[in-house]
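Next come two complexes built around chain A: one with chain B, the other with chain C.
Up next, the complex of A and B:
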């Protein structure tokens, strides 16, 4: 402490800057600069002047896809939240040790499966004559004629929830495990049922972690190309497919960049939540 | 210890000397994995055996025009950087990219330098979607989009687009295709539809481009919007084949070569048959090209000479990979047994192929149709 106090503040700041310079350079070079270039291309007309025509075209062609993307990602985020709360809640409050151990072992599996593989799995699992319908028909739950393909928006949502729920659960279960157990025990002693303990005692204390997990999932899902491409590349589809299509088929970087900036706008909503939460927890410590 | 180290060093130096003598011929190919497999597993061993000290290295850039676009961007970057030796010796590209690359002087004219140049007769060797590529390209193979159908479910398949339009209304959700964002078999179906319903098939293929035709294209596409209510959208070229095989759809547009390869691998029911409807569906070649400043241009020509020889075209292109030959079939047929020849032409005869196998529309029309599809059909 004493040595720090004798050091001059300017030298201190210089050392700090030097220490973060490599990280800053990487962020600047590989993130901020391409982002600026992307923005420049999105607003530059054929003759080099400023134009909004690429955005006009992006909205003209892809408004449906923009809304579709938002709908898919918001719905998936909500479902991921529910699944994660259910699993993490059971892991924390579950009364049957063996079930808890099995669940703890099982739920992490999708974490290690890449999105592209998840997409491929869903493609055969959710198809009209796929495994899911075979099982449902075989067990007499549905008639063969009423079997339908889930390879549309529902398939994308299923793939996202399956892939991302374990990630949020992992964060959430960790946060729940580090809670003081006295609160829970006190509530139980006073006769609260497990669901009530989960909703009223446990969840409010891990709200921040849940929010961070969900925001990270939200942003990740916005950027996934493989899943929509493999399950439902036709209209309406997600923005990532449109961006890939504009570039690969038309070599049309301006509209692709305009679409990227629009996705960035969506991701920014998530970032605002994330930063607000981060600032709050920084204040708290 | 010392002699051992000496031996090791000597060995290293010796290995280095051999390494220095090896020349690597860089082949870069657009298209599906089967293209890379074809070069690596089939062509490379033959070429390396005939040319000691040469190593062929093939890299794939991905399916569809997107793959060719990547090759274009790679060569264009080297041109702009002013490099004198480019790191690609042979490229395999689609028609759309070849037109751009010839225009931007990224390619070397070489057809006159290889003997196989004389065995090529189809119009595609000179003309790529309306652009003059004469001398710069040799077709590696031709492929064709056709309808595949399940004869258990479809007794007499529709023979034309008009019959198909009637058929889907009687059999809703039995025809499937992959739109314009999921691969070329869907794109080909859409351009085929526009050719059939705009009444300007010839103009779309031969030009000249006339912006005033846009309303006619939009009108054809609005018919497709109605048609789409009765069909299933599939996820990609392979998605259509998958759904046919699982019995989820009864008919759909597929690439002939993919179809036969899947059947040969046991991934597609042997019962499924093919039909080429009137007034036709598009097909396309892929081209062998040599970049303007290829580091090993002479070797590249030798490589293409081998790849275009009637023996390789017969055994590799037709028999093993189920493509239609790139050179004139009359030179290929004598090198093949009758069974292999018949297999490729059972459902679709050479006569059908020459009558209903069409090129893709010129690139401005192509763009107008695919964008029109997003504007008119998808909205």
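Up next, the complex of A and C:
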């Protein structure tokens, strides 16, 4: 009679590989291979051979956009982290059951709204004649003449945070909900304030989840084309817009791929964070 | 209320509780405006016949643009059909390869496990633009550009990864002792998987199917590069309407895209329990 304990490890490995092979093949063929192709195209000269001229051209034209992209994505990631910690923290530790219930119902609305729709929403909401300005003027907070359009880098940041913060909050609140409550209750019984419990006891235990959510958001925002295209298509803009422009207007695949590799470099910074965290949690278990 | 003798820079004077409730109400109201303001604005645009600068509200409401969107041979209905068809094919294809892979990752000893996990991390952890750019070039040469299959393959290579992760988390959260009990009672590995593991992991698997469906339905960049010129999904139609300055048409299309997104948001926690969420990315 077969029991779990007597499985043969080699047969087990073979079965595992067979089960995983189709998924690996799809990702390999339609993701990894085109990615490698990007590296080849970006470094290949007109007559073949290695060249850096595409990168020189990319830096020549688009250094501002590179910095602009980095600024937007870093700022958005920080804001997303703050919003997510605040909301998830209140959901876990909040004292008013009714406020907690309202917040739980409220924060998730943008969760699955696609970027392209978020871009369209913000394009009308943040415009000079948009609802935000009407409300600000109506409530007397600003003068009609000082109303300005937010459809520049600020609009992109707003759209990113609006769309991505609920995702990180969901992950974070899930992780916080599965924590042991003994420590939290003990600290509360000893009289610790909620903010202190959040920072000293809860956050250190969910750091990994927070980091995973933020890195995923960072990388996702780096490759969103629709939001910058709809909110801020003119220079300086995000690199995704430049890539689309190089291809659709000039058919210039080498420089487009060089730009892509540069944004890969930015993502690599995020990946290093993630891998360090993954290594640390692997040590812990 | 407070521990004696312990001071910290974070200590603020405690607010009296009516004031505290008032502050909470204000913060919730601001958050509600930040979340629903843009959605309300979209609703106004979807039903606006005329809306001229600088009036706060449309001068005339009506359904003219709705008739235009839903006319029998209109672009929107065709795009909706295309989008749903692509999403269904993407889900079937993704789950067929993701369920075995997720199970293997969660339960079996795999050689090169770290490297395999890294490969399944790539499509979420690497900007997708270079992939779309080059796959479009390759698909163009082999005649897959502008075809449904081409778009499905691109969507699946991305959605599949999410499906593998969630499936693996769902399988990992199934209690091993239940499986062992069934095996010790004489069930074969296949019977045990089919009657114990799969049903217990089913909510997570359904969640992953819905995720993949939504991701495909909402996907923009890949379709933008690979779908042209023949495959126009709903997001592309919406984008074209927005860039053409036709805010009514684009708002109505956006509303169509919002219905499944918000519907899923409202039920997601029924499928994706905290214990599964806590396993994601482990």
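Quick notes
Here is the rule we use: the second predicted complex is superposed on the first by the 269 of 285 C-alpha atoms of A that agree within 3 Å, B and C clash if a C-alpha of one lies under 4 Å from a C-alpha of the other, contacts with A are read in each partner's own complex, and residues count from 1 in each chain.
Here, a residue touches a chain if its C-beta (ideal position, glycine included) is under 8 Å from a C-beta of that chain, and two chains touch if they have at least 3 such contacts.
Source: prediction; values computed, not measured.
In the superposed three-chain model, the partner touching more residues of chain A is C, compared with the other of chain B and chain C.
Once the two complexes are laid over each other on the shared chain, residue contacts for A:64 go to chain B alone; chain C is not touched. Applying the stated contact rule after C-alpha superposition, one finds that A:123 touches each of chain B and chain C. Of the two partner chains placed around the shared chain by superposition, neither chain B nor chain C is touched by A:141. In the superposed pair of complexes, A:241 makes contact with chain B only, with no contact to chain C. By the touch criterion defined above, A:230 lies against chain B and chain C together after alignment on the C-alpha atoms of chain A. Residues 123, 129-130, 229-230, 244, 247 of chain A lie in contact with chain B in one complex and with chain C in the other.
The touching residues of chain A, when paired with chain C in their complex, are 1-4, 9, 12-13, 15-17, 19-20, 22-24, 26-32, 34-35, 37-38, 41, 96, 99, 102-103, 106-125, 129-132, 134-135, 138, 162, 170-171, 174-175, 177-178, 190-193, 195-196, 199, 208-209, 212, 215-216, 219-220, 222-226, 229-230, 240, 243-244, 247, 253, 256-257, 260-261, 263-264, 266-267, 270-271, 274, 278, 281. Against chain A, the residues of chain C that register as touching in their complex are 1-3, 6, 8, 10-12, 21, 24-25, 28, 31-42, 44-45, 53-54, 56, 96-98, 100-101, 103-105, 108-111, 116, 119-135, 137-138, 153-154, 156-158, 160-161, 164, 179-180, 183-184, 186, 188-189, 214, 217-221, 224-225, 235, 238-239, 242-243, 247, 250-251, 254, 257-258, 260-262, 264-265, 268, 274-275, 277-278, 280-282. On chain B, the positions that touch chain A within their shared complex are 64-66, 69, 178-182, 232-233, 235-236, 239, 242-243, 246-248, 367, 370-371, 374-375, 378-379. By the touch criterion given at the top, residues 60-61, 64, 123, 127-130, 149, 151, 229-237, 241-242, 244-245, 247-251 of chain A touch chain B in their complex.
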